[in-house]
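Both complexes below contain subunit A, partnered by subunit B and then by subunit C.
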Partner chain A sequence: MALQGLRRTISLFRTRAALGLSPAMAPIVLYVPLGMLLGPMGAGILSPRILGHLDAVISIALATLGLFIGIAAATQGGERKRLLVASSAEAAVTMTVVAGAIFFLLGTWGIPLSLEPRIVAVALGVCAAASAAPPITAGDEQARRIAARVADLDDVLPILAGAFVVATLSSVGMPALLGVLAPIGIGLALAAAGWLLFEHSEGAERGVYVLGIIALLGGCAAYLSVSPLLAGMAAGWLWALTSGHTDAVVRRELRKVQHPLILLLLIAAGASLEVSTAGIWLFAPYVVFRVAGKLMGGWFASRMAPGVAPSDLGAYLVSPGVIGIAFALNLDQVTPGMAPLVFAVSIGAVASEIVAVIVVPPRPQPQPA
Partner chain B sequence: MSAPAPDSRPDVPAGQEGRRGRETRLLLATIAISVAVLVLLARFRFPDQVDPVENPAPAPLERLAARATYDELAAIMADLERRLAPRLVVVQVQPDRPGGQYAIAARMTPNRAVVHLAPHETLGQSHAGYLPILGRDKTLDIAVLSVPEAADATVTPATTPVRPGPRYLAVVEANPQGPVIRPVYAGRTDLLQDPRTSSPLLSIAALQQALPRGAAVFTLNGNFLGLAADGGASATVIPADVLLAAAESARTVEETRGDIGVDVQPLTPGLSRATGAERGVVVSYVHRGGPAAGLLDTGDVILSVGGTAVSTPADFQQVVQSRSPGSQTAVGVMRRGKQIEVPITVRDATSAPQPSPQEDDPGLVMRFVPDLGVEIVSVRPGSAAARADLAAGDIILRLNGVAAPTPSALLNAYRQLPAQGALLLAVQRGADHRAVALER
Partner chain C sequence: MRRLLALPITLGIVWLVVQFGAYAELQRPTALALGFALIAAALAGGLLERIGLPRVTGYLLFGMACGPYVLNIITRPMARELQIINGLAVVLIAFIAGLEINISHLRSRLRAIVQLSGVTMLILYVGLFAGFWLLWPWLGFTGMTLLERFAVVALLTAVVASFSPTVTIALITESRAKGPLSELTLAVVILADLVLIVFFTLIMQMVRYAFGGAGEVGLLVGLTWEVFGSFAFGAAAGALFALYLLYVGREVPLVLLAFCAVIAGVKAPLHIEPLLAALAAGLVVENVVTSRGDSLKEAAERGALPVLVIFFAAAGASLQLDALAAIGWLAVTVSALRLALIWFGARRGASVSNIEAPTGQLVWMGLVSQAGVTLGLAMLVAAEYPTWGVTVQTLVVALIALHQLIGPVLFRAALARAGELGQLDREAGPELLETLPERGVI
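And then the complex of A and B:
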């Protein structure tokens, strides 16, 4: 019996390994703990002073992530509108489940937080709503491909909601609505400027322009204390819709810096962690209710887009990806007192990756010839 | 939204039926687990930041008890402050020293208050003006002061003996703005026999906050325990019954009022212009053989006594009376337009030779009429004035040939008369004018 259980567990690891993401080697599972080891809680190589200098780079990384999401949202293939609605519904259900449960528990527990419980609950809901589907391969089934598209599209609503939370918490003092419109305006303006530059340049020069525009996106958003994710998403969306091949150009140029930036983001998140009693208390319900929210949201979305979204969509979306951590880091940049939230989200993301190993449907075994 | 039946969905790829069932089961299980987890987690309470010191009381009860105690104490203090403020007087101690101190005087009787005052210490002003010292007990370092009469404003001495053990006490300290009350936790209170008093002193040990010397100590009921004889983390309190006895017997035990042997009159605008002083009191007479004889002169303007400014004769009398007999006090004087400071040794007013009315007082109550002279307000029967047939309403126009004399000039001239001497007065009574001899 025990041997059978062991075999089953090993098969799960094999499944993940077949995807190229064995649990032990998934980016979050590896680099968040590595950041903890390098950060002030560990070896102290990434001191608080260095982390302060990395703030600008983190903003650029957030803008880059937003850019990819914007391009992906605008360039989805068939059934794009139905999938966008279904994905947003799935994200809304997840946000509601997590935020509602956390808000209820915060009221019951009486955790002393420097922010209002409703703000913390909504922020955790936004972080939980993002998801990353397992990578797909050429031979993957349709359900897995659709899940990957939903995983891209279900980040749109959380980015908008996250921008609203950032605007609410921002110390700049602009109205919340303006705090949401400002990054959109920044993204569209810089995207328009970038489009003119990219169309009339090529080679290394174009690469410099792309990186410059991305740096401007992140820098402007950080300067105004608005969401760089939304600024990047607006820019990516515009580039994907304009004539020419701007989106392809940008994607090609950013591919060179994408992985280092995400790596830096995860390490910075790990190094920024502060172990606190409040963070530990938030971590467990965050993981539990995020999984529940994803499964409920997936079930709901599959009924909204029957025939398009797979019926077990939610199970594919349990893997959180880096977007949730990016949200938490963004909120931590905007306002102090987010340390318990960053801890719960980052450690929760690691735990969710491990839960995803169990929940994500296995690939069907190839039929013998 | 209701899900369509699996059979009505031709677009569902074959082989996904099992998955749908699996996903639904997973969803239901997740919902059930989530609700169970929610109910379970809601039963916990986030740990409070509690004091590391172990306490057998449960945390919620401990917090409740602590809050109730402090709220209760605050209410008691507010009530005591309201009740005790009229029963206490703040007096200045050592006013001639920079940064003078203040002490609390407790009203033991309607017109007497007791303050802790060392023999070398002097009193300055209080909120009720200058309070003359009626008596001092130099063994206990207390002084009995005369205070304005207030029948219902006396402290209530604690009659029941204080039991030993920890307790809260209400301590009233002196502040320039008035009495200040605060609760003080005393770890132990004991009765201490002392040969100086018939009643035992109250010893307070392990005080949470140090007591200032001379502070008034009350129970939380507002009963007066006594005055702190010494300050610090442990203090001795002179009990209220000892203070009450001292207050009641002050005049019979010791009558010490300071005196420097001068009479004064107010500084009128004319005298101000004549002397060049803007404030103070004018010396109208210097007693022969008195402490000020040879040091002060008639016409000098006394500006201050012992560093305390004086503006009226009443001020002057009260300040001088508060000086300790035998002590030397610096009297600030304006003499012929120059300010000088004259050291004068204060004598006991009760031991000073009292001039008999026949010797120094002609028996007149007068008021000055500018440019005319002195109008007689009343005449004491049997006095020198009555013998000279002076009557109320008479106006003295000239004194020894000098026109328009002042009342003080007349008094001084009378006091300086030799025995059997006489003053020559020109008196107007109605429309009549006559000469009168005022004989001593």
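And then the complex of A and C:
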């Protein structure tokens, strides 16, 4: 088993896959290190000034991610409610395991941090809870399909919790509850404006409106230092529930910009990395406790939804995707002193993707006819 | 018209956010300004198109109305943030223009283009020089010798005679126009831009001599580098991009964005003119890898609309209306003179170069706009000669405000009369456009 995993890991770094030209490898593994190489720590092509300009792109990318999660959460098929509860339970267990363990370690080790240990612990818990859907093909087994749906739904709770953390740290000075309600209000109001625009326009003009609404979702949230992810999620959720074909239009239009936005987000994350003692100290516990939390959370979720969620659900959810990094970047936007967290989460995400190659159950070999 | 209901919602949210966000220690207005400009300017452009005016005028008017001088919804910091996009926008717009220029297609018309440009510019330069000489008492320059007056008038002539390749290309792209008038206007404007850079540099040498400074020997070297170096750099970058399209061809939008950012970014360290470099890059891609160039052109043109909206909204928000108010009558007089000279010059040029009607009769309408290049030159003058250069800058800024509003309206009317509006869409057909995402182009 271990040997097989090692072989698969090595094969990832071969030729096309290593260049990111094959879907076999998650983009995080290529683009975060690429960002490091291009950033101030590397060649310096992405200078702090350019990274400052990319701040707007990050806000827009965060809103886009939130939007996809909102649409996915509202449009999941059968067993949606049970799966949402099970996914949220899985995310809650992961958050608790990571936050609790990190808080304990911070108290024991006395790592020098400019932020309160409990805030760092909760923030890392939120970053750890998100997971990416394993790629699905037509002939995949039921367990893998369910895991993909759980991976979509288990981002909802972390986004809400993350919005609360962002609101607590925000410099605007509004109460934390208002800081959570504000992005929801922004998301719903802009979703209404978007619905009016998208349903009554077409062609390139509609593309401009979609981009404009996404930029406003990210921009309004960034201006108020609240969560763009939550603003996007609220808008996506409303679009999926309203009549018409707005959610389909948005998905189609965003398909053109989604990939570049995500890659820019990952490159910006890599370029923003600052190596520090605290970041290095946080990295390994973050990866270990995240994997442990996912396995425990998956087991717990399978008990909550027996017959729906597979017993080895957690193994499928080890791949972190970009949401964790997005959380970390969002926290870094609203408050200073988050560099160790961004480092631990970004490098931790790269490491987790490699761990996922070993942990995720392999596809069954097709039986010979 | 239902979508207009989205405008008050958007306005209301942005207003509320700006009010609450005023208390934030760290304001990050870029994405907010981008989103608001995209939605509101696009709606304004759509409204103006309904009454037969160009969309870009709607974007400009929106920028003016919401900008710092009128409603102040787009505040000064937001307008500044929008300007950051301009560097990228100019490169993308010029790159698209390069993709439109097929050398083998233009070769047969080169003589006519040079003749038309030459006659138009000669009449414009001579006429403006005479006009400024006569208007001297009202221009606000005092205590100058005859030589200094001659130099300043020549400098004013060079700056005010300039055209705007950016606006011309943007309007052609946005209105999906194609045909002899679009091609001819584009060629004349680009040629005039090249001549302008040479002329301006030489006249600045004369001004330095007239005002007692030493001419810079290195200036000619700098000029050569700025023109030929920009072309060489752009051609090399275009060749690399073409190779990437041929042999990799993945993540094209992201690579195109990085490509534009690199060309825009090397302006300061390498003294490269981004417009010329991007134009050369587009030329290489179009004429070297035609097969991929066509699909890239479609993708770039489709993706250019949001960039154009932002570009013109930012230009509108940055129009210095106070300058226009301060010397309005003088600006209107100079503008009228310039317009008359362009009309006369282009018609004479078309007649000399045997360009047939209606192209020959309409080409002058595409030469009125002025924008970034003109402003950049005026800022150079003001920076080097703060005493009288500021007067030049004020006059030029006021003229740009006028020509930004008049120019696009005239050019769109000309394209409409020539039957070239939307010609690209008619040629492409719905099938090609629908298959772009599937082919991985966008």
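Note that in this section the second predicted complex is superposed on the first by the 344 of 369 C-alpha atoms of A that agree within 3 Å, B and C clash if a C-alpha of one lies under 4 Å from a C-alpha of the other, contacts with A are read in each partner's own complex, and residues count from 1 in each chain.
The criterion applied here is as follows: a residue touches a chain if its C-beta (ideal position, glycine included) is under 8 Å from a C-beta of that chain, and two chains touch if they have at least 3 such contacts.
Please read these numbers as outputs of a predicted model, since none were measured by experiment.
Bringing the complexes onto one copy of subunit A puts subunit B beside subunit C with no clash. When the two structures are aligned on the shared chain, A:359 is found in touch with subunit B, with no touch to subunit C. When the two complexes are overlaid on their common chain A, residue A:244 makes contact with neither subunit B nor subunit C. Within the superposed three-chain model, A:175 lies out of touch with both subunit B and subunit C [touch as defined at top]. Looking at the superposition, the partner that touches the larger set of subunit A residues, subunit B or subunit C, turns out to be C.
By the document's definition of touching, of the two partners only subunit B reaches A:143; subunit C does not.
By the touch criterion defined above, A:295 reaches subunit B but does not reach subunit C.
Judged by the touch definition given at the top, the superposed model places A:48 against neither subunit B nor subunit C.
Remark: least CA distance from subunit B to subunit C after fitting both complexes onto chain A is 31 Å. When the two complexes are superposed on chain A, none of the residues of subunit A touches both subunit B and subunit C.
Residue ranges on subunit B touching subunit A, taken from their complex, read 1-4, 9, 11-13, 15-16, 19-20, 22-24, 26-27, 30-31, 33-34, 37-38, 41-42, 44-47, 49. Interface of subunit C with subunit A (complex): residues 2-3, 5-6, 9-10, 12-14, 17-18, 20-21, 23-39, 42, 46, 81, 84, 248, 250-251, 253-254, 257, 265, 302-303, 305-306, 309, 437, 442.
Chain contact summary for the complex, subunit A toward subunit B: residues 97, 101, 104-105, 108-112, 142-143, 277-278, 281, 284-285, 288-289, 291-292, 295-296, 298-300, 303-304, 306-307, 310-315, 359, 361, 364. Note for the complex: subunit A touches subunit C at residues 21, 50, 53, 55-56, 59-60, 170-174, 182, 186, 189-190, 192-194, 196-197, 199-201, 204-205, 207-209, 211-220, 222-225, 255-257, 259-260, 263-264, 333.
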